[in-house]
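Okay, so subunit A shows up in both of these, paired with subunit B first and subunit C after.
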Partner chain A sequence: MLALVLAHLVLAAALPLVARRSTRAAFGVAAVLPAVTLVWGLVNLPAVLGGGLSETVAWAPSLHLELAFRLDALGLVMIVLVGGLGALILAYSAWYFGRDSRDAPRSAALLLAFAGAMLGLVLADDLLTLYVFWELTSIASFLLVGQGGLHRANRRAAVQALLVTVFGGLSMLLGLVFLGESAGTYRISEIVADPPSGGVVTAALILILLGALTKSAQFPFHPWLPAAMAAPTPVSAYLHAASMVKAGIVLVARLSPGFADRAGWWIPIVVLGLVTMLIGGWRAQQETDLKRLLAFGTVSQLGFLMVLFGAGGRIGEIAALTMLLAHGLFKAPLFMVVGIVDKITGTRDVTKLSGLGRAQPALVVVSVLAAASMAGVPLLLGFLGKEAAFEAFLHTGGVRGWLVGLGLLVGSVLTVGYSVRFLWGAFATKPGARPVDAQRPAAGLTIPTWIAAVAGLALGTVPPAADALAQRYAAAYPATDPVESGYHLAIWHGLSLPLAFSAIALAGGFLLHAQRERVQAVHAALHSPLSAQRGYEKVVAGLERLAVLVTGRVQAGSLPVYLVVLLLTVLAVPGTALLVGGQWPAGQALIGSPMQIPLAVVVVVAALALLRAHRRFTAVLLVGAVGYAIGGLFVVDGAPDLALAQFLVETLSLVAFVFVLRRLPAHFDNPDAPRPRRSVQVRKGIVAVAAGVFVAVAAVVLSGARQEPPSVSRDLVALAPETGADNVIAAILVDFRALDTVGEITVLLIAATGTASLALATRFDRKQPEGKRSGSGTPDHEEEVRG
Partner chain B sequence: MSTDHHRTPSWDDWDYPEGEWMLSGECPVRTNRTLMLEMAARVLFPTVLVFSVYLLIVGHYAPGGGFSGGLVAGLAFVLRYIAGGDAEGAAIGSRIRLRPPLLVGIGLLLAVLAAFAPVAFGNPVLSSAMLSVDVPVLGHVDLVSSLILDVGVYLLIIGVVLDLLRSLGSAIERDEREARR
Partner chain C sequence: MNTINLGMAVVLAVLYSVGFYLLLQRSLMRILIGIVVLGHGANLMLQLAGGPPARAPILGTAPPELFADPLPQALALTAIVITFAMTTYLLALGYRSWVLVGHDEVQDDVEDRRIAERERPEGSMADDTAATGTDDEEDPGSAAASAEPAGTGVAQ
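Now for the complex of A and B:
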């Protein structure tokens, strides 16, 4: 399984080479791997029905990190969506993007990379493996929505999608760690088989839910999904309808068997899922852009799926898995239809499209097929799922069952409403609107659409196919009574309450559409200032304002202020630790060797002279004298390595100081400026003295603080020859503590890069006073920063 | 340099300086040149570089190592810069034909590669291997794989110092020149 995932990523990296020849060929090559994935999944169907397929690759055994994958019923359904629909959509993209579209090569590679990440996500059986692929899909989504970054709408939508999903993702990571630590394992199948409990676990579940809710665009995080419709239509069809937005659903579906009976898990899922379903369905009633209409429809359906997967219960889970499959199979073709309509007419505005149905009857048939599945018309897969959903809640009954059941009914009425609205909006002949001119769509666009839509019909007319998988997934939930254990997906269950619900939903939906003027009026009347999108904008703007506030306070532009802040922090944090936990080492000799005395005198005299220095240059020289004298102390104490480094660093910093001094006034005091107030000077003096005393005391106390007996140093010395080093310092630097060395040189690299950027970038700013701002580097400037 | 280097030896200019490295290159028109320092820097420069390589290699047996070696080599460049001023400073980069950020990057790359190379042989990250050879003149020599890490540190430190010269040295000087203009 890992090989399959990696193959996607590797091929995606190589795809730009193909795209250079022909973008159409690039999409064609890209479509092969998802198709192979689908075939692989279907070949393994018997194994899946038998219990599943596992694969584990240990990649850092000493840290207990492993990549664990598992193919089960849920994974297989998602493979149909990720692999099957992925192949169709990539083939569709070959004709959707122009031959020399500049977005095409990038999109082809990113879509394939996304398919690989998504495949890893749905197959992951390890919490951390899942997290890695989860974030990879977020990044792919960011890049695909942002496209070339040329349009403001794309950039905003991409950033919003990234901020919201990564916020959720990071909370989820925290939750995953809590959960994994309290369960003692990160393997999902093991956690679900033996779920841990306790306060930490509840917190973990809520944090994980935050990830699932943001990723699957649940209320109140949903606005990013309609905004993401700025992406090209194939991207929306694949990421924002068929696969990526299902990631949160998959996570809930994976964990629900272990946690569905806990109030902290199902209540937020069911409540927010229902709210999402209703809000999404309601908003879809008044959208005039076909794509946004579908996007709100997706939001609504995702809420529906959340409710089903989160509520638990055997029939509910059968319904959930069926709906998951059905949603992919009807939403992807609907998006593809929007793409076709957009391409052949040049608009997807409901108010401008008129008379398209008469011109393109074949397109109408395929759309009706998909939309009918969405509305839950019999003989289609969507109907089977919806029937089962109603049955699940009406069968359990009670307040919860009826409330949720009725909520789902209202949601379904809205679903039928916007399904009809979609068909009407795209194809109906509207009075007063001029019929649009339309060319014939390319076969490369229509064939994938037909395949996806017909798959929904085929699976709907042959219920046992989907039933086998759904039963396998629902087997995780024990049946409580004979009705539950005997439930199977079927077109005809007899005259029952769920059938009545389905009929009411259909009738209600048509009525809603017939009364669309009144619905619009209600919509306008209900328009409230509270909107989730505005909430997001407020939060982001607030964060920016906070950042400006903090920066303004902290970055005062005064070196003394920075220094005082640094010193006070040192005094407050390590200083407190020293006061609380420090111990004056016993047997501290005053003088180690006579040679220390003259060197100490040099240090003390230079330090005292420093206080009286008026010129900066003098001060720098005196600081240098202190440094060299300390190097001398190292020599006296028998640390030649340390002394050598000290002398060299001291020299270099002296030179650096002198370089910088050229830019600073020669004297510390500006004779023209008024002398600082006495109180300010006293305060500065107190801080300086306190910091100095702290450093001196800390040096003595820390040198006496040992956690290991002194013999450990002897062991290091004894071990050094084994590393090929006679010099124990070298052995420590490049062998025992080599990781520290690598870390330190990385810090040096960052410091050097930062210094160069600051020195060269500010120089550029000053050079260009007329309106050019920092960051707008000219080629010359870029060249200079690079060296 | 306007003089022709491929002259046939003749008695008229037999004492013409042949060693190009002893020349000051383009003669900067300035009043405050320190010829002694310029000359000393030129003579010392190669010696100091050799000494820095010595420090790098000897680090395994005696005080030294990549950090100290790199600093010494860096200080050799600092010396040339201070002696030659901005003319030399500008030339530092071009003469070694390496951009400081590139040098820094190569150093880190080398160190990281040295860290991960053992993984390819199934050993833990950052473990080191030793090859002992008996060389006729030098005697017993231990070649340790961690020397590569040290070379990485060495290159990186030189790069950092050169970068410092570039950003704090020549950039500030150019600033001053422009401010005066």
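Now for the complex of A and C:
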């Protein structure tokens, strides 16, 4: 199975080469692999009915990471959608996209890559494998909806789809890890067979649900799906009707056998699913764009599927699997019909389309086939599923059963309503509207549509075919009574309550359509400022404002501000620790040696004078004085080597300073520049003094903590004669810690190289004519940056 | 036992305060001098951590019990040299900056300033997110958009 998935991705990578010759050929080549997948799935049908096929590839065994795949009844149904409908839609795309369309080559490759990722997702039997493919489909969706990014509508829809689904995906990843860790395995079939429990598992399930609800466009995350209709119609048909949006459903379907009895699992699914079904169905009543009408229909149907898969129960799951298959088989051809209508008339607007039915009777027939399945008309697959769904909830009864059953009835009335509205909108002759001109659709467009629609009819008239798979999937739920164990999909169950519900749904839907003017009025009256789309926009805008606010505050762009923050942090954290835990050493000496006094005075006076120095040269001389006085302190302390180094370095530094100072202005401050404000300087001074005092106090307290001279120093003195040196410092530098000295020399070399190259660069510039300067910090550039 | 005496603690406090203060200034040369002063303070502290004044650790001049701790001295010596290396490099850098930019002031980052002052940046995601404003361009999801390159017209 991994080979099949990889084949998709590899061929997708090679597809642009074909597309360069002919985009139509590219779509044709791309359609082959999904078709092969379908055949492979159907060949394995006996094995699936016998229990399923498994395949495991160790990926990183030491980390217990493996790619586990499993083909079961659910997987096979999804293969019909991903592979079968995928092949049809890719073939359809070959005629849908124009030969010169710039979007076609990348769409072909991306659609095939998506098919591979989706195949991996539906076959995955490992939580992490599933997650990887899950996110791959999100990315494919982003790229396919975004297209070339030329249109604002595309960008907006793509970003919305990505943000919403990836937000859900990331929470889901967390949930998957929780679940996998508490179960001790990431293998889905093992988790479901022996589901773990506990608080962590409940949290995990809710996090996982976030992923499933966002991916399958459930309330309140649904607006991304209608927005994604900015993608070309074949993309919408494949990703946003037939396959990708079912990913969340598949995840729920995979886990439900283990968790359907947990309140934390089924309550959110059933409630949100019902709400989604009703909202989607209601919104579809007033859409005038046929594609968006179908999109809201998809939202509604996804809610329906969520309810069925989340609720559990044997009959319910039979209904769920049947509806899953039925939805793909009626929604994909309906989208393809919209594409054809759009292609031959140039519009998808209900108010502009008129008289198309008379001109294109064949198109009407195929649309009626698909829409009737959606509405649940007998002899079609949708009817079998809906009948079973009503039976599932009415049979269990009780408050929950009746509430959900009635909710589904209302949802079904709405479904019939927008099914009729779709047919009316696309084909009816409307009074007052001019009949549209239409060309004959290409056979390449109509044939795939017919195949998909007829498949729904064929499976609907021969219930045992779908029944076998549905029974296999529902076998995970033990039958509680003879009615459940004896339930099979059938066209005729006798006069029963579900049949009455189906009839009410059909009648109600037609009534709803007949009263469409009133429905519109109610819709207008109910219009509320609270919309999920608005909520999404608010969240995104708010996040961005927050980011700007934080960046503006944290990243002030001023080095002094950053330094002050650093110093204040030093004062706040180690400073507090010092105040709390530090102990002022007893027997503190005032001065170590009388000779320290004059030298200390020189250091202090010179350092303080530095603050008042306005001439650069004065400052350099003062800093030199500080350095020499410290050298003196070293002598007093008994460190002649240090003193020697200090004098040498101080002298060299002075020389270097003088070299540079001869070129710089005499004063620090540019006389034209505004003088820094006094209050700012005072504040800087306070921070600096506080930090300086902290360092001194820390030095006293920390050095006071020492009880004895370090033994290593005694050892160094004792061992020094063996190095042949009289001076212990020399012995340390060139022998005991010679490696440090090598490091020190390296630092010197690097600094010398840097200094030399900077000096040479300046000399090089000076040789250039017209003051042309290297580097990007020139005044011109600076001006450019400042705007 | 051997703590830094009060007098030297005051010297350290002054050196560090002056160093920090200069570091907070805008002139690159002042900052550089601040770093040098901080370096002096750090080297002095390293040495002082070894203990009170004592005899130089040179064998044969005094009994080893009277020696000052040699280890901090060796570390301080390394530090002095590295401070020097850094000073010259920064000096060259400051000089280069003066040659190129014409002054040795440390400027605020212009881009950061903009972000701090502006409510939100240009081309923000929210612009693309809000469904406000009419898109008078053709519907990108339509068949017309897929059939021909954008802008050339209608379905065949």
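Rule of thumb we're sticking to: the second predicted complex is superposed on the first by the 562 of 787 C-alpha atoms of A that agree within 3 Å, B and C clash if a C-alpha of one lies under 4 Å from a C-alpha of the other, contacts with A are read in each partner's own complex, and residues count from 1 in each chain.
Keep this in mind: a residue touches a chain if its C-beta (ideal position, glycine included) is under 8 Å from a C-beta of that chain, and two chains touch if they have at least 3 such contacts.
If you're wondering where the values come from, they're calculated on a predicted model, not measured in any experiment.
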item	value
Which of subunit B and subunit C A:Leu748 touches, first, second, both or neither	both
Which superposed partner A:Asp641 touches (first subunit B, second subunit C, both, neither)	both
Touched partner set for A:Asp726, first subunit B, second subunit C, both or neither	both
Which of subunit B and subunit C A:Ala759 touches, first, second, both or neither	both
Subunit B versus subunit C as contact partner of A:Arg545, first or second or both or neither	second
Touched partner set for A:Thr651, first subunit B, second subunit C, both or neither	first
First, second, both or neither for A:His523, with subunit B first and subunit C second	neither
First (subunit B), second (subunit C), both or neither touched by A:Lys430	neither
Subunit B versus subunit C, judged by how many residues of subunit A each one touches	C
Partner chain in contact with A:His493 - subunit B first, subunit C second, else both or neither	neither
Subunit B and subunit C contact sites that coincide on subunit A, given as residue numbers	640-641, 645, 649, 652, 656, 660, 663, 726-727, 729, 733, 741, 748, 751-752, 755, 758-759, 786-787
Interfacial residue positions of subunit A with respect to subunit B in the complex	62, 640-641, 643-645, 648-649, 651-652, 655-656, 659-660, 662-663, 723-727, 729-730, 733-735, 738-739, 741-742, 745-746, 748-749, 751-753, 755-756, 758-760, 763, 766-767, 786-787
Contact set on subunit C toward subunit A in their complex	1-27, 29-30, 33, 36-37, 40-41, 43-45, 47-60, 64, 67-71, 73-74, 76-78, 80-89, 91-106, 108-113, 115-121, 124-126, 128-131, 135, 137, 139-150, 154-156
Partner subunit A, residues of subunit B touching it in the complex	59-68, 71-72, 74-75, 78, 82, 93, 99-102, 104-105, 107-108, 111-112, 115, 124-126, 128, 130, 142-144, 146-147, 149-150, 152-153, 156-157, 159-161, 163-164, 166-169, 171-176, 178
